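Chain nomenclature is as follows: A, B, C and D, assigned in order of appearance, with residue numbering initiated at 1 for each chain independently.
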Amino acid sequence: MSGSTFGELFRVTNFGESHGPAIGCVIDGCPPGLPLSEADIQPDLDRRRPGTSRHVTQRNEPDAVEILSGVYEGLTTGTPICLLIRNTDQRSKDYGNLLDTFRPGHADYTYWRKYGLRDPRGGGRSSARLTAPMVAAGAVAKKWLHQRHGTQFIGWMSALGEVAIPFEDEAQITQNAFFAPNAGIVPQLEAHMDALRKSGNSCGARIEVRARHMPVGLGEPLFDKLDADIAYAMMGINAVKGVEIGDGFGVVPQRGTVHGDELSPDGFRSNHAGGVLGGISTGQDLVVSIAIKPTSSIHSPKASIDRHGQPTVVQTHGRHDPCVGIRATPIAEAMLALVVMDHALRHRAQNADVVLPMPPIAGAA
Amino acid sequence: MSGSTFGELFRVTNFGESHGPAIGCVIDGCPPGLPLSEADIQPDLDRRRPGTSRHVTQRNEPDAVEILSGVYEGLTTGTPICLLIRNTDQRSKDYGNLLDTFRPGHADYTYWRKYGLRDPRGGGRSSARLTAPMVAAGAVAKKWLHQRHGTQFIGWMSALGEVAIPFEDEAQITQNAFFAPNAGIVPQLEAHMDALRKSGNSCGARIEVRARHMPVGLGEPLFDKLDADIAYAMMGINAVKGVEIGDGFGVVPQRGTVHGDELSPDGFRSNHAGGVLGGISTGQDLVVSIAIKPTSSIHSPKASIDRHGQPTVVQTHGRHDPCVGIRATPIAEAMLALVVMDHALRHRAQNADVVLPMPPIAGAA
Amino acid sequence: MSGSTFGELFRVTNFGESHGPAIGCVIDGCPPGLPLSEADIQPDLDRRRPGTSRHVTQRNEPDAVEILSGVYEGLTTGTPICLLIRNTDQRSKDYGNLLDTFRPGHADYTYWRKYGLRDPRGGGRSSARLTAPMVAAGAVAKKWLHQRHGTQFIGWMSALGEVAIPFEDEAQITQNAFFAPNAGIVPQLEAHMDALRKSGNSCGARIEVRARHMPVGLGEPLFDKLDADIAYAMMGINAVKGVEIGDGFGVVPQRGTVHGDELSPDGFRSNHAGGVLGGISTGQDLVVSIAIKPTSSIHSPKASIDRHGQPTVVQTHGRHDPCVGIRATPIAEAMLALVVMDHALRHRAQNADVVLPMPPIAGAA
Amino acid sequence: MSGSTFGELFRVTNFGESHGPAIGCVIDGCPPGLPLSEADIQPDLDRRRPGTSRHVTQRNEPDAVEILSGVYEGLTTGTPICLLIRNTDQRSKDYGNLLDTFRPGHADYTYWRKYGLRDPRGGGRSSARLTAPMVAAGAVAKKWLHQRHGTQFIGWMSALGEVAIPFEDEAQITQNAFFAPNAGIVPQLEAHMDALRKSGNSCGARIEVRARHMPVGLGEPLFDKLDADIAYAMMGINAVKGVEIGDGFGVVPQRGTVHGDELSPDGFRSNHAGGVLGGISTGQDLVVSIAIKPTSSIHSPKASIDRHGQPTVVQTHGRHDPCVGIRATPIAEAMLALVVMDHALRHRAQNADVVLPMPPIAGAA
């Protein structure tokens, strides 16, 4: 209840702090018989890992995952899978000052007020480092969903600050440091980042993530709608301030004549809904966008107070990560996979016996 | 687990269908000793009620609430509060055709695929009518939060289709059919709606909702972040396709120099964050925006299929509600109140003993 | 969380007080397509109903159930089923005195200390009357389990006070007021009850309940063991003070040579385990026994205090129910059915794809 | 949902298998500011540890606990506490035969049928070794409850096989290998165990566990009654087949004149109820008894089948633990502490504002 468990049937309990001995998670409820080893998980962790380009934080952690339980002779047993990632780059440092001061845009003030104390080392529990175990858990969900339903997850950056990134070529996503589906724009993105880093400033980003080959019928009608759970998952990622499904805020000026996706024997004719109707998956692609705020730790000084209420100034020195959104793509994919996985199990718990006279219709691009 | 219960400690279980005998909810976990009668709940239900102006659906339901349990001699007892609303406007009608056809933009196809059957009467469980019990439950949460913490909830329409509604005067919200905080724009909104109704079309809307006088420290750090739970609650409202906290998607092109809200002994100097840092309330106003899609039932014909996969055409006749967003304001307020209420109880369960050396700092407008 | 919801996937939320307007429950998660009407539920309610013989409380309530939602054209739709039972025998009465005094053996003192106030009318929420909605929900579970898995539930009284009731003939259970599987002992039970009633005293009882034709594999290994959830369900029934699975407390002096049930190609050779190994069903009969304490409301005076801490004396007049255990059999059956139902859904959520080389082996009597 | 998480607000998620790399748990929801180090936890682990006398299993594990998260500078931070215990005594062994055969009285058959595969090494997840993380978590709960409410937990063996152990002197419990509150009976217990071990047989045991200085008002009235949650916790311990609260099965022949505990200004006059009325704590001692079955692994051959359904014989060689009940006392204490802890938090979430005119009355011995 303290908010460290995600999901109902495929449950992931996350633990750890940025600079403690280790971070990790326990996955409970994974179906048995899934082939699983560290090699299935490490690639997604590596995509999220810091230090992979000059455009992201230079903290250098291998983020090597160890499976502590739940797998026997290479197969999941149906019992909890504990994934452990040891922290290795815990520079010893004097946190005395940080402990006293609330950094603007960070969770320092709110943690302190909530708990009366906080772990200041690298942001403690509020660090984005805690998304690593979710990426690991998401890799397990992805594997099962792909094996069982053919579902695939893919994400990309659609805007870096004020630079829109037109979707051109999916194959490019893995070819640059930005997860940009567009080779031509990469030099502009690099220049944008270099300028930001030089000025000690930061910017936001927009990420789009999709699930393809979705099972139909996932999501519960009233509260645990598939889109509601996706919104919960996405807004829970560090620095996210907005979530859209399908046309998102674009629906405000739309007309009903445009929005409602028509059906035909060949499938849906459009996908304004983003793959969800009434909270339940249509079988079309899930289409999700998120907005990520600019990094709060910048080189410009900002006014703040200390924990005695006295005014002070906060300024970040050294390591600086001008756009936390760059590494958000694998995180968003993982969170989407975890939502879909949970609902795949929930759906069959209730509806395993449903038989219908016709197969699902096709989706629309 | 079938998704009809909202909240962890202040739990609301919703039941009913649009045209069944009754709708309602059971609130479990309400603190004891709260003065409560139907008169505390009915006003919010009346704000959501259909038929109150020519701009909303003409279905005519009194939506009279009855308290069936949990209150003794005018005080909550701490045991479940069952709220019942009898359905009274269930026109007898031949649903045979509707049962066979999947209306574009509605949940007909997805319900049918999920469950193998569905209640077609007025949308059954997928009807926005099921938000009424949440508005009722929200009224209970609002009352307790106001009495205990002074918290208040207020919402308004900030855009109707392509018409932006500048915030001018909060007092105007109750003075027009649109929940518009701006008297001067009302004639334009009326003309917009009349034209839509005449053309048989529909449009989307944007609603903003705020919580004021917020307790500090609400929200759990990792998954059950206050903003994540708000996103879940809002995206779960019928027809919502986007959710923003604070600056929302406006953060994408922002710079870190702008975004991070500075602190001073007099309080926060801005509220780009929308009242949440690291998933925990800062004490500033919660600032939430949602996008509502255009009504799917319109007078223009749309292509679809029937449940044997054969092509057909769907066209709505009679009753027509050109913008479902108009009645969404009290719903969004209620859902926000339910999230805050739940977290108020969750917070004190864990942290009731925390003592701090200084009081919370003030928020920023 | 306030403890009024039972189950994880087949969730029953109970509401109401003994003398409020109504009691009832909401069942969420029921599989769709189950034929269901009030006629499926009423018979079990009638078995639990007061006033059916001179040996149970003379309160006269028809306990007529109304289905308010979740059923369309005679089939469950997969959405919440609200079951409502109006209270009809709420004698107007002056509760002033009762409100001030804590009846020994009742929940008066504990409710008052927990909530600071309580509904004194007929015990309010602590009344055994609140088991009626569970009996109703149990009837739904029983029907689905029987239709889907052939599972059946049966219970009987195995001791009334100091009178042991040897199991002789299952067909007799429905033929007497005691749910006794033994015709010959009925006169002795009647005499026992008449004497108790005459003396204004009360006694305990022992009930045994079984599930037959159990699916194999139900129950989660660590905490939500099938037997642990059964113990939770049974100990939660009013007045229950002990729960046994299989040989129960008889295992203390047993030897391992006796206890471990041997397996053979023809099935298990004994059932000391009561149908559960490692928390998971073996396919043998579930065997459960419970101990029910003597009714606390008796005609003899007992010392107590009032809510100002002053000494007083409590004595029940009028209506008197010398053994609440008599009506416990259908309640225990219902609770067992609810546990099995929940686990049937939970099991297939995780393990629907498991394929094994041989069918389950047979159970042992 | 797969049953590896215990508790609602003080949540313990358990992971690991008997012979995997490690076992452990994640405690979520612990109040912040509690002084905590490994030294607070290790003593209870040592009490449960194997190999401490000739009467328990000779497996030799130090069971050294490591705190991986949730503690900063010696204080809990309110974030998840991960406790890790590395397995060190994993003898390499050929499990080929064990994997094929279902040991009578063990979970081999049920795990295999549930999951389609199982980890046979030392019983895998079904091993009583998985109670070690619960003992560790229980130590945290005990510390907080003692510091905050003065509550204490104590357990002892009240019967070993057919040998009843009269309660004489609490101080003796720590002075013998049996947790027996009676010095005089120890030689008889030792002789009993030596005979069993010699004959290769096993026996059951009865354990009593109590909570003293209980807060009043803990427990939820309908399902999550304090006694129901205790029954769930106790029946979930490996090998437990029966649970009693207060007089337990002794209530069956009792009369109401005896059972109902009278109240007086000086406190309750008796404690037949075992500290719970209507599911809510009275402030008296919680009194709980459990029955533990005889160890299933014995030296006598037993009939069984293999996983192809063919008849076979199972016989344990080597290590043999004639009464698993001996080490159950610290486990039962820990589980009781976890239930009380969870309800302490749940209670104040809802009822923190309740003010009463008089203090709780005293309990009865």
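Basically, contacts are C-beta pairs under 8 Å (C-beta built on N, C-alpha and C of every residue); 3 or more make two chains touch, one makes a residue touch a chain.
Predicted model only: the values in this text are computed from it and were never measured.
Using the contact threshold fixed earlier, the set of chains in contact with both subunit A and subunit D is B, C.
Chain centres here are means of the Cα atoms, and by that rule the chain farthest away from subunit A is C. Rounded to whole angstrom, the centroid-to-centroid distance between subunit A and subunit C, based on C-alpha atoms, equals 45 Å. Per-chain Cα centroids separate subunit B from subunit C by 39 Å.
Centre to centre, using the average C-alpha position, subunit A and subunit B are separated by 26 Å. In subunit C, the residues touching two or more other chains are 1-5, 8-9, 14, 29-30, 32-33, 78-79, 114-116, 125, 221, 346, 349-351, 354. Residues 1-5, 8-9, 11, 13-17, 20-24, 26, 28-30, 32-33, 66, 68-70, 72, 75, 77-82, 114-119, 121, 124-125 of subunit B are the ones that touch subunit C when the two sit in their complex. Here subunit C touches subunit D in the complex through residues 1-6, 8-9, 14, 102-107, 109-116, 125-126, 130, 159, 161-162, 201-206, 216-217, 219-225, 227-236, 241-265, 269, 272-274, 276-283, 291-298, 300, 302-305, 307-311, 322, 346-347, 349-351, 354-358, 360-361, going by the rule given at the top. For subunit B in complex with subunit D, the touching residues are 1, 9, 29-33, 78-79, 148, 221-222, 345-346, 348-354.
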